[in-house]
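The first chain written gets the first letter, and so on, giving A, B, C and D; residue counts start at 1 in each chain.
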Amino acid sequence: MEDFWIEAIELTQSVIDGLLFGSTYALIGIGFTLIFGAMHKLNMTYAAASIAGAYVGLVVFVFFSAHPLLVFAVSSLASGLIGLLVYLICFRFIPVNNHLAALMATVGALFFIDEVIIHITNASPLAFPALFGAASFDLGAVWIRGDLLFVFAASVASTAALLYVLYRTRLGLATRAVSQQNVAAQLCGIDVHRTNATTFVVAGLLGGIAGAMTAASVGVLSPLLTLPITVKGLIVTVVGGLGSIPGAIIAGLMVGAAENVFLYLRGVNERDIYVLLLLFVFLVFRPNGIFGKSINRD
Amino acid sequence: MLELKGVTKRFGGVQAVNGLDISVAENEIFGLIGPNGSGKSTTVNLICGIYPVTAGEIVFNGKNLAGLPPHKRLRAGIARTFQNIRLFPNLTVWQNLLVARNSMEDVHSQSFLARWLGETRHTRGEIESILEFSDLADKADDLASNLAFGEQRRLELARAAAAKPRLLLLDEPAAGMNREEVQDLIHRVRGLRDSGITILLVEHVMQLVMNVTDRICVINFGQKIAQGTPDEIQNHSAVQEAYFGTTAGDPD
Amino acid sequence: MFYPKNLAGLLPAAACVVMLLLPGLSQAQERTVKIAGWGAKSGPLRSFGVNSEAVLKAAVESINAAGGVSLGDGTRAMMEMEYYDSACNADQAISVARKVASQTEALIGIGPTCSGAAAAMYGIFQKNVDNSGDTGLQFPILTDTAIRPGLAKKSQWTFRNVPNEINMYDELFAWLRENHPDVKTIYGGTETNQAHSKLTFAKVIVQMATKHGFEWVGGGIDGLTGKIGSGSDQVLETTKASNWLMEDTNFSVQARAFKKSRADMLIVSSHPFTTCGMLKEMKRQRVRPKVLVGLTSSSSQETLLGCAAEAEGMYIPTGFAPVTSVAKRVAKAATANGGFADLHSAAAWENAWIIKQVVEETGIMAKPSTLAADRRKMRDGLEALDNVDGLLGSVGRVRDEGESIKPFVFVQATGGQWVVVHDPRN
Amino acid sequence: MEFYFGLAQIIGIHVILGLSAYVLMLTGQLSLAQAGFFAIGAYSAGILTVLFQFHIVPALIIASLVAGLFAFLIGFPALRVRGLMLVVATIAFSEVVRLFFFNLSWRKTIDGIEAGPDSTNGFREIRFFAANGWEPYQVTLFVWLFVALVMFLIWWSDRARSGAVLRAVGEDELAAHSVGINITAVKVAAMTAGGMIAGIGGALYAHTATYVDHLTFTILLGTFAIAYPILGGLRSVFGTLLAVVLIQGVLVEGLRALGDWRNILFGVIIILTMNLKPGGLFDTQTVQALRKGLAFRDKGAPNA
């Protein structure tokens, strides 16, 4: 009986840690889903751009000893700017119906960003500041990491801001119009390129926060982060349903929690196999994601 | 030859086709007309198997088509054209026709590998004659996307014919055509019928429908409102109302 | 007309192919001892290559400043080094090895920097010298950085000058036994998809710790079947929750497993990125062991850049520390060349000097006509070496395996620096 | 020369890898699973020659069949989804395969040494070629024999009806279905063919590199597999060949002298190519121009 309770507490703790860490996955997932929703295209550069944003934030921290909040803000802005650049070099001048070329261009940009980071830092891991890094909340048997709680709060806040922009502003209306009916939107006088560019900037701003949050919750920033985050982001996007922001949030938390539980139960060598099987289950039984409607889109 | 018995199709809450009964006889040109959103295109899609029916059955040559995927319906002898042209734009005209040779006869007369890799003299001859019939002989090596609009329409018809169908579904083949082109199309449709193909024509352009069909069925809101010869239909009150009345159909 | 507009895109390609086919051979008039280095200068392990190149360059400069190398006929020749990027990638390491062996007059190769690439690259070499039925590459290699145990015996052409971790941890735990008598139990984890970290953890660190009487308080260990050490003859269920992967970001479960073990001594057998991640999580969860031990590879500058505060107090045995005057000079020269001298890269310095020694001992001629013979002499010379002068003292050679026994020291992270806490040589 | 032979082997193997993705891409499907099939081929062939002392030829054929079988099996569920979903599904498959080999330890004592896959430590001593006295030029010829075979088969079937069928599915699935093409069968067939081709590539890779571990078969490798046909263009198999020569021959090998900057240039070149020639180097215009150019030479008169 004693064992059972210890086990139950351990599991609960694993789930809590995983859920909170999953909020960084959720932020990346939202970015992917936003861009996919707007352009029906995959932006493979996204996670790398988010990490690159965090590196710019780190520059401010290292050279000007800025407050972590400012570091996050700079990361976000930098990533937004990179998002704009990525749009310009990977999407703007490539024919709209050529999905492969745009995808490949973003892969090229991914290599480029990764390699630039590697060259500047010699690929060395660098310490990244956390907000409330020392804080923690004890809830009886389990405890909650203060910095992750902040990450979680920041994810919720940025998502709320994003939803506000999408559903309460003219810009959001334009974005949704373009994503749903590209040609019709153009006929209504919406500048599709500008709207798409704005989407990339908004997604980039969000990605910068995600990158900084990831770096803050690990405590170190390294180019090793980009590939796993890209994969996690894609998984979250699919599990959450393409284009669904609430889906991406739930999926992010879910993937984070599942990862930690499988790690606890089965060890690290098998952990990812189970997470991927979970993804297969979703692909087979709920191909439209958590909140996906069963529309057959052509 | 083709019989629709109480065919119903629902998309969510929308009733696209509602208890439709149609019977097309061997070697006739049967017209299916109706206002926008009346369920014509849905009916075509139901017959060629793109959507499953919600209720009712579709019988072709005495065989129930339920559960048969589109490619098997083609093998059974049902070919179609699309309202908005759907050629394979980056294939040549020749390839567009070659790809379409999936009739029962073609599948059975050649071994799998031969069909997959080879092009027999017989096949070439047949494709050439289709090209000839479609006035596309000199365009055989052009990419479909480089053809003019009228040529693309002809190619789409030719591609359907290349499958040697017994029943051909034409979904608004005259859309966007001028008077002369329609006249040309009329000849071609008649030519196809004369070669033994039954035709179900879904159309908007009255010039074509009234000139070429043997019988016409009018539907609105997924239901049959009238059926008869072109002359009968022209004077039918329900048709007048459906086309010119105040009731507007829901968008397609 | 040949449609130049559409084909224009192909022209640069053609030009590049021509460029590629231009022979890489340059016939120098003067006689020089050419050596080639290669390692990861791109990709996530770039620091390995950058450091290795910096140290190698410094070594060659110092040799030339001291008058160069004396050849078999008494001529003095300068040493010349070319460094290539092989991105820590098996394909590329193999390709560079082939290129250097067949397209250049290099007498020997120093590289690659990563164990995985080295494990693959060694496979293309001739296994046994003088076996004409084996068409593997015949070119001597003296690797500096790749530490994973037991690689060089794959071929008689391959040699390594890397720390021998068995000796290092053996002595470390003996020393800890003496200096921390209150420490009785140990526990730890590793990054299981990094071969060096995992192998060293299972087959070296835990073995040596139990040998010196520390008690392992976890289950069985991944990668290790049978009993742990000599103390226990019981096969335990594998410890699952205490390991991680080399690109992992969340260490909460592992840190809890560490905490739950209540071990006096904890081991983080990992490279800097995850070492830092793990140490930070341990700090958050207030896991405070009496003694913290790390993997040799983490005794580098990267760990301090990533988590100097959290690493405070961690012991690591290392084959390099600026404790001797020459070691201090090397550290300085490496920094001047844009890299760091650490346990990985410092060996490159020794390698250059070993090469000088072998050239002089075996009477290598360094003429284009004697290239094959010179390479063979180089190999035989390396094989015959007993002892060489290293940065921390004499470096012994393990004859049949092509490996080395290097002197080492124990360092501890103190105030953002690696401080030597014990020098077994004294 | 040894270096050029080695380079030719790498180029050949990557051409095979690229073509395995090319086949499926003709049907409009983007698969990142090629790294997984490549890994299955590499490990299967390695296990056969090392642990069971097979000759390379039967080992290669069996490896190809095994990879093809997995492609066939994964084809049915995976090809239910498309676009981004398929990309993610195939990434997941390829990662599961990689993780399987990461966990696989199968050691046997052969000739006094322990051999076989050893999870994280990788699979060493796949030395069939060197141990049997194959000269580098022979190995290169052997590799290119398969490159030529695969290229010829794809090139030939692309000129026949099969190529048109594959491309028709890629251009418009609904139309293809309506003209009587069994979409699922065509896609699964393409996936299987791609799997078999990747299996051959993997088997050759394991034996030329003599060592494989799970880190060889990451998403990066799958990305390269699709990068070659995209950069080369989907109009011709020679596009893939050209792209591999450019990337492996020129960028990775030829520009090694650029050292540090080479990889940065790599990304820039991909971006530039995609902006300037979105259809790839061998896009429709180039292929037509080449054809007409060649025809012009043949006939000595312009081909109107």
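The definition used in the following text is that a contact is a pair of C-beta atoms (placed from the backbone, for glycine too) under 8 Å apart; a residue touches a chain by one contact, two chains touch by 3 or more.
Keep in mind that what you see is a predicted model, and the values were worked out from it rather than measured.
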item: Chain nearest the overall Cα centroid; value: D
item: Furthest chain, CA centroid comparison against chain A; value: B
item: Chain C and chain D: spacing of chain centres that average the CA atoms, whole Å; value: 33
item: Distance from the mean Cα position of chain B to that of chain A, given in whole angstrom; value: 47
item: Centre-to-centre distance between chain C and chain B (centres being mean Cα positions), rounded to whole Å; value: 71
item: Overlap residues in chain D, where contacts from two or more other chains coincide; value: 102, 174, 260, 263
item: Sequence positions of chain A contacting 2 or more other chains; value: 115, 118-119, 227, 269
item: Sequence positions of chain C contacting 2 or more other chains; value: 42-43, 192
item: Topology of the chain contact graph, where touching chains are joined (line, ring, star, complete, other); value: other
item: Interchain pairs in contact, sorted by label; value: A-C, A-D, B-D, C-D
item: Contacting residues of chain D [partner chain C, same complex]; value: 1-7, 10, 102, 119-122, 124-127, 129-131, 133-136, 208-216, 242, 245-246, 249-250, 252-254, 256, 259-260, 262-263, 276-277, 281, 285-286, 288-290, 292-293, 296
item: Touch list for chain C against partner chain D, complex; value: 2-3, 6-7, 9-10, 13, 16-17, 19-20, 41-43, 83-85, 87, 90-92, 94-96, 98-99, 101-103, 116, 119-120, 123-124, 126-127, 133-137, 148, 154, 192-195, 198-199, 223
item: Chain D residues within the chain A interface of the complex; value: 25, 30, 77, 80-81, 83-85, 87-89, 91-92, 95-96, 99-100, 102-103, 174, 218-220, 223, 226-227, 230-231, 234, 260, 263-264, 266-271, 274-275, 278-280
item: Footprint of chain D on chain B - complex, ascending; value: 48, 50, 69-71, 74-75, 79-80, 82, 86-91, 95-96, 98-103, 115-119, 143, 159-160, 162-163
item: Residue ranges of chain D touching chain B (in the complex, touch as defined); value: 156-157, 160-162, 164-165, 167-168, 171-172, 174-183, 284
